[in-house]
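One structure is given below, represented as structure tokens, and several questions about it will come after.
In order of appearance the chains are A, B, C and D, and numbering begins at 1 in each one.
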Amino acid sequence: MMIIMKASSTPQEVERVVDKIKSLGLAVHLSQGVEATIIGAIGETHSIPTDQFEVMDGVEVVQRITQPYKLASRQFHPENSIFSIDGFTVGGDEIAVIAGPCSVESRSQILETAHAVKEAGASALRGGVFKPRTSPYAFQGLGEEGLELLAEAREATGLPIVVEIMSQVQLDLMVKYVDVLQVGARNMQNFNLLRAVGETRTPVLLKRGLSATIEELLMSAEYVLAGGNKQVVLCERGIRTFETATRNTTDINAIPVLKGLTHLPVILDPSHSTGHYDYVAAVARAAVAAGADGIIVEVHPDPAHAVSDGRQSLKPEKFAAMVKQIGQIAQIMDRRLASAHGSYSPQGWA
Amino acid sequence: MMIIMKASSTPQEVERVVDKIKSLGLAVHLSQGVEATIIGAIGETHSIPTDQFEVMDGVEVVQRITQPYKLASRQFHPENSIFSIDGFTVGGDEIAVIAGPCSVESRSQILETAHAVKEAGASALRGGVFKPRTSPYAFQGLGEEGLELLAEAREATGLPIVVEIMSQVQLDLMVKYVDVLQVGARNMQNFNLLRAVGETRTPVLLKRGLSATIEELLMSAEYVLAGGNKQVVLCERGIRTFETATRNTTDINAIPVLKGLTHLPVILDPSHSTGHYDYVAAVARAAVAAGADGIIVEVHPDPAHAVSDGRQSLKPEKFAAMVKQIGQIAQIMDRRLASAHGSYSPQGWA
Amino acid sequence: MMIIMKASSTPQEVERVVDKIKSLGLAVHLSQGVEATIIGAIGETHSIPTDQFEVMDGVEVVQRITQPYKLASRQFHPENSIFSIDGFTVGGDEIAVIAGPCSVESRSQILETAHAVKEAGASALRGGVFKPRTSPYAFQGLGEEGLELLAEAREATGLPIVVEIMSQVQLDLMVKYVDVLQVGARNMQNFNLLRAVGETRTPVLLKRGLSATIEELLMSAEYVLAGGNKQVVLCERGIRTFETATRNTTDINAIPVLKGLTHLPVILDPSHSTGHYDYVAAVARAAVAAGADGIIVEVHPDPAHAVSDGRQSLKPEKFAAMVKQIGQIAQIMDRRLASAHGSYSPQGWA
Amino acid sequence: MMIIMKASSTPQEVERVVDKIKSLGLAVHLSQGVEATIIGAIGETHSIPTDQFEVMDGVEVVQRITQPYKLASRQFHPENSIFSIDGFTVGGDEIAVIAGPCSVESRSQILETAHAVKEAGASALRGGVFKPRTSPYAFQGLGEEGLELLAEAREATGLPIVVEIMSQVQLDLMVKYVDVLQVGARNMQNFNLLRAVGETRTPVLLKRGLSATIEELLMSAEYVLAGGNKQVVLCERGIRTFETATRNTTDINAIPVLKGLTHLPVILDPSHSTGHYDYVAAVARAAVAAGADGIIVEVHPDPAHAVSDGRQSLKPEKFAAMVKQIGQIAQIMDRRLASAHGSYSPQGWA
């Protein structure tokens, strides 16, 4: 960390900064220039907030050299992290395709969807049972009953299940049932929840917040990693901007940026990042072409009667067509679609 | 709710929308135009998400006539809600001034600050004991020990205390100590937490999320109100935009917009909305001039050694000067500064 | 256009809206509902601003049914517009690849770049001679001398040239030299310039403004089309958001959204939309996978010594590798790379 | 300017940076640290883009110490710039109140408005004659006829006139008529126009672009100042964000930030920054309370029939009430309302 002092700073101000650096257990490198004095703080600076120095008299600006996260950083872990999720891997050559309804609504709905997405080539099943809804009057999910239905769908198809957790009090229940714990966009900085999932050994799918920077997403991953849970998959799901033609703005740049900064797998959710079924396939193809390790997509057998997110859900036949295209792009990227349990290879893309 | 059908919609599509409206227990008003058929859905539509219709074949656009929130709306509660918070009121003629450090750090720090802000005219004391920090390596707060120190400061000064709650599991502890439960920006859509505080009868200070719309803030308030807790104070604290000269962008428009849409009190946090002590007083004055019911400000006896948010904390003497200006602007707005317990009236602004 | 009246609106207010509609030469369709009266305005409403009605007493909300643009809309021109640009086409099966330096700097620089990008498979040459620079002290371009160098490069390679025009006073000079007039992001709403290029018959490459909505981009295209110039190519080049990890945020959603709304060709500029050469290839691939009709990319033989935009310029060899990948993705999309004059087909992708 | 080299940078890379600094006529200060080598570039660095160095091999990050603008900076001109505009001053103790319709529509409309705003205490008259309209089909202004009507209104009331210029080709016509040349938000980075108005000696009112940073606004002012025109007034008029409850988001923070960075006067346009007459007075009060040097407001005698911006225009009586409140807040700020020609002092607020 470099603390650049104002041209007008006094020797006393410089001394106070030097003392502060030493009090934090760091080494000091002092450089007296013509226009500015620069004070380097050397050591484990990733845990020191820059505002500790910015607030001091005489300080012009503080420049971080090393990133504020460490466990998530590719600097300290150059090779990709590859996790095995009940039958397929994520982060390596395989492209994960996670699909299913926004909410689990009924036994027939989830079983029908699970069979359809499996048939089309999905590697995992998603489905919400605790739903973060903007309105207190909207459907809030089936709760444990929904988990049982998901477990039944897994039994029937072999697909591992990915389910959102909304609160640390749901943790015991969730880990009993699910294969991947999803932390949703609205909870990306629910630090109590991050610490709680960090103490489990269940893989975590961490979605980027609506207005979270890429660095903040990595800091939230750091919370989970710091708890000892190394299996974190990051998910770009669109950010909030001024554009209203789509529900969110897919930050496709985030894919190559994240792949550069971190060793963790990175997937994209084109359903939420566009908000409309008409745009899902185009953005899913873009994600894989940009280097994403997979996608998570909403599929519903009858979107017009979905209790939530019908507008952004694909019908199974459109999903199947999309998976085919994804598979072709994967090949150009020297990758292949993941298959649950390695046993399922429809149409031969794998 | 008006469902406008496409010019190309078929009679069958119209019929399906009509059936759906009826199945939701609403009445139908059908209007066949030249360019478009319009179907009105009449009744308790605030709890019906518009996407229930947007996803149906033949639908062009859905236009909500009534707001998606009800308890928070001024439509159904035209006069201002005024709450009494241990010695002063918020939402009426009084301007609330809540002040204190970002984090409770030590007994001497919180007592010194409490006396200083009381002396300067504050009506309540703020202080964090569970801190939402971006980095898992940063100071996370003193926890219950901090609550005890705050209680001691209240005892010493008579100032009620405002403290952030981060998780529903902290609820029992918090209600034992605090006068106002603060829900922070990062938890504005932590719906489990909103439901939990909605079940208490402790006043809630609900901060707007970094990228939350005004409507979403009101929907989150609706969660608390729906639980039976009527004492919700809304807080604008800056939103995230492209501008980097300040930590956040103060949405000053939100003050008159919220005062128009809701009967709930609305305050502003110029410390977070600017991120720099140099700008706090200007924006605090602007808030009161724009019609805010109060402000919440970070004050620290020694910002350069604050463990958090030092850059945006005022020293007590600057805070005192600011309170004086706020009091003068309050007078122009036909209002006056609130005083804790009505008993404290320094320098005669009240 | 539907004008929805407030429940509390009076018959006089309704009458005044009806009169206003008639005075604009439109027909009226009146529908008296239980909760609201709806007044339809029927006819050529795309040229009527909605605020003409929003400001009237008794009006709740105004809902446009038809788009505010007409010539640019796919509603009135369902099939793709395909333009021929001196040897290749854009908007049809061919994927345009426009490449070259940010600024023309010298004869050797532009000739070397032109040969290199042609060799790698580019279909047109870009190069700036009037540069919109944030700082008045920065290099502002070579002006007419630059145009002469570009003409020489065209002569040498057969590549048509794409050059930015910054002001209507440059028009006569520009049309003498260039094959495509580029209107830059900062001038997307310079309406005098739009009208000026609309009067020429030179194809126009219209870049989206930094904070322009997709609808505004189409409205700006409408200015050019309304002047009689039908050859407008739209270009997504990244929008400004809160994210600072990249120079701009590529709005990849804009590709399928624009392809749905308009018949005009749509290309993407991954150099500006990312701002860093490390991310250009990934986002260029994503663009073609999402359905873009081409890309425009900055290439410089020696980025470290470029007078502008060196950070986002590709070296020729990286550009060549990227074009190869683009060609493969084009095939999956049932398309092929465009070649200038159809005569040039390196490595056989065409 | 500080160039911080990567820990892994080679002596050759350091040498190349040093050579580049020298080639730009700057002095070098080299500091070899443990974690990083830092190279200071000393001299007239405000005209050197940082990307000249960022693109070089081995460079980690480039940190500017001095601002990229100079003439606009308070560093080199600590005291406020105060301009005299035909009878009043801006930038000193006086609060400028510029008011009038969005567009000049007719002789009676502009004369009626001019008398009304003068009566209410305005110090200058605004009115558009060349209108930047999103739609090519919307009213584009009266042109020179409008200028003649404005001149007549000035004659009748003594109010100087503020008119928007849209293109450098309008310059000769405009300087013949107007007292202040307004450069609108959409032209803030129309650099040809900025250079053109910089060559006149007519005061310039420069509006912030919809997504322009504060630094970019100052860079655009620098273009005008560099041309020799020292009379530049900056205007915050709202920025584009995700919030849709208002037309734009008033960046009230920009007032104290700009007043700190520059010596130029800073005013606010609450009509555009809110987009709705209901919010104009609140935000105008906030502006003056935050330290703005004035406001510019849309006033129309009959907003419901305004050809443009009716929704955000005040009726004269509401404007008069607002001016009264502004005058009271000015007093608290130790300032007073400006009066045209010093001769006009209605209701005694000054």
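By our rule, a residue touches a chain if its C-beta (ideal position, glycine included) is under 8 Å from a C-beta of that chain, and two chains touch if they have at least 3 such contacts.
For clarity, every value in this text was computed on a predicted model and none was experimentally measured.
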item: Farthest-lying chain, centroid of Cα atoms versus that of chain A; value: D
item: C-D or B-C - the one linked by more C-beta pairs in contact; value: C-D
item: Whole-Å gap between the CA centroids of chain B and chain C; value: 41
item: Centre-of-Cα separation between chain D and chain B, whole angstrom; value: 32
item: CA centroid of chain C to CA centroid of chain D, Å; value: 28
item: Junction residues of chain C, two or more chains touched; value: 211, 240-242, 244
item: Contact footprint of chain B on chain D as seen in their complex; value: 211, 213-215, 239, 241-246, 249-257, 260, 273-274, 278-279, 282-283, 285-291, 325, 328-329, 332
item: List of chain C residues in touch with chain B within their complex; value: 2, 4, 7, 27, 29, 31, 33-36, 38, 40, 42, 60-61, 63, 65-66, 211, 240-242, 244
item: Residue ranges of chain B touching chain A (in the complex, touch as defined); value: 46-47, 49, 51-52, 54-57, 68-69, 132-138, 166-169, 186-187, 189-195, 209-211, 216, 219, 222-223, 226, 240, 303-304, 306, 308-311
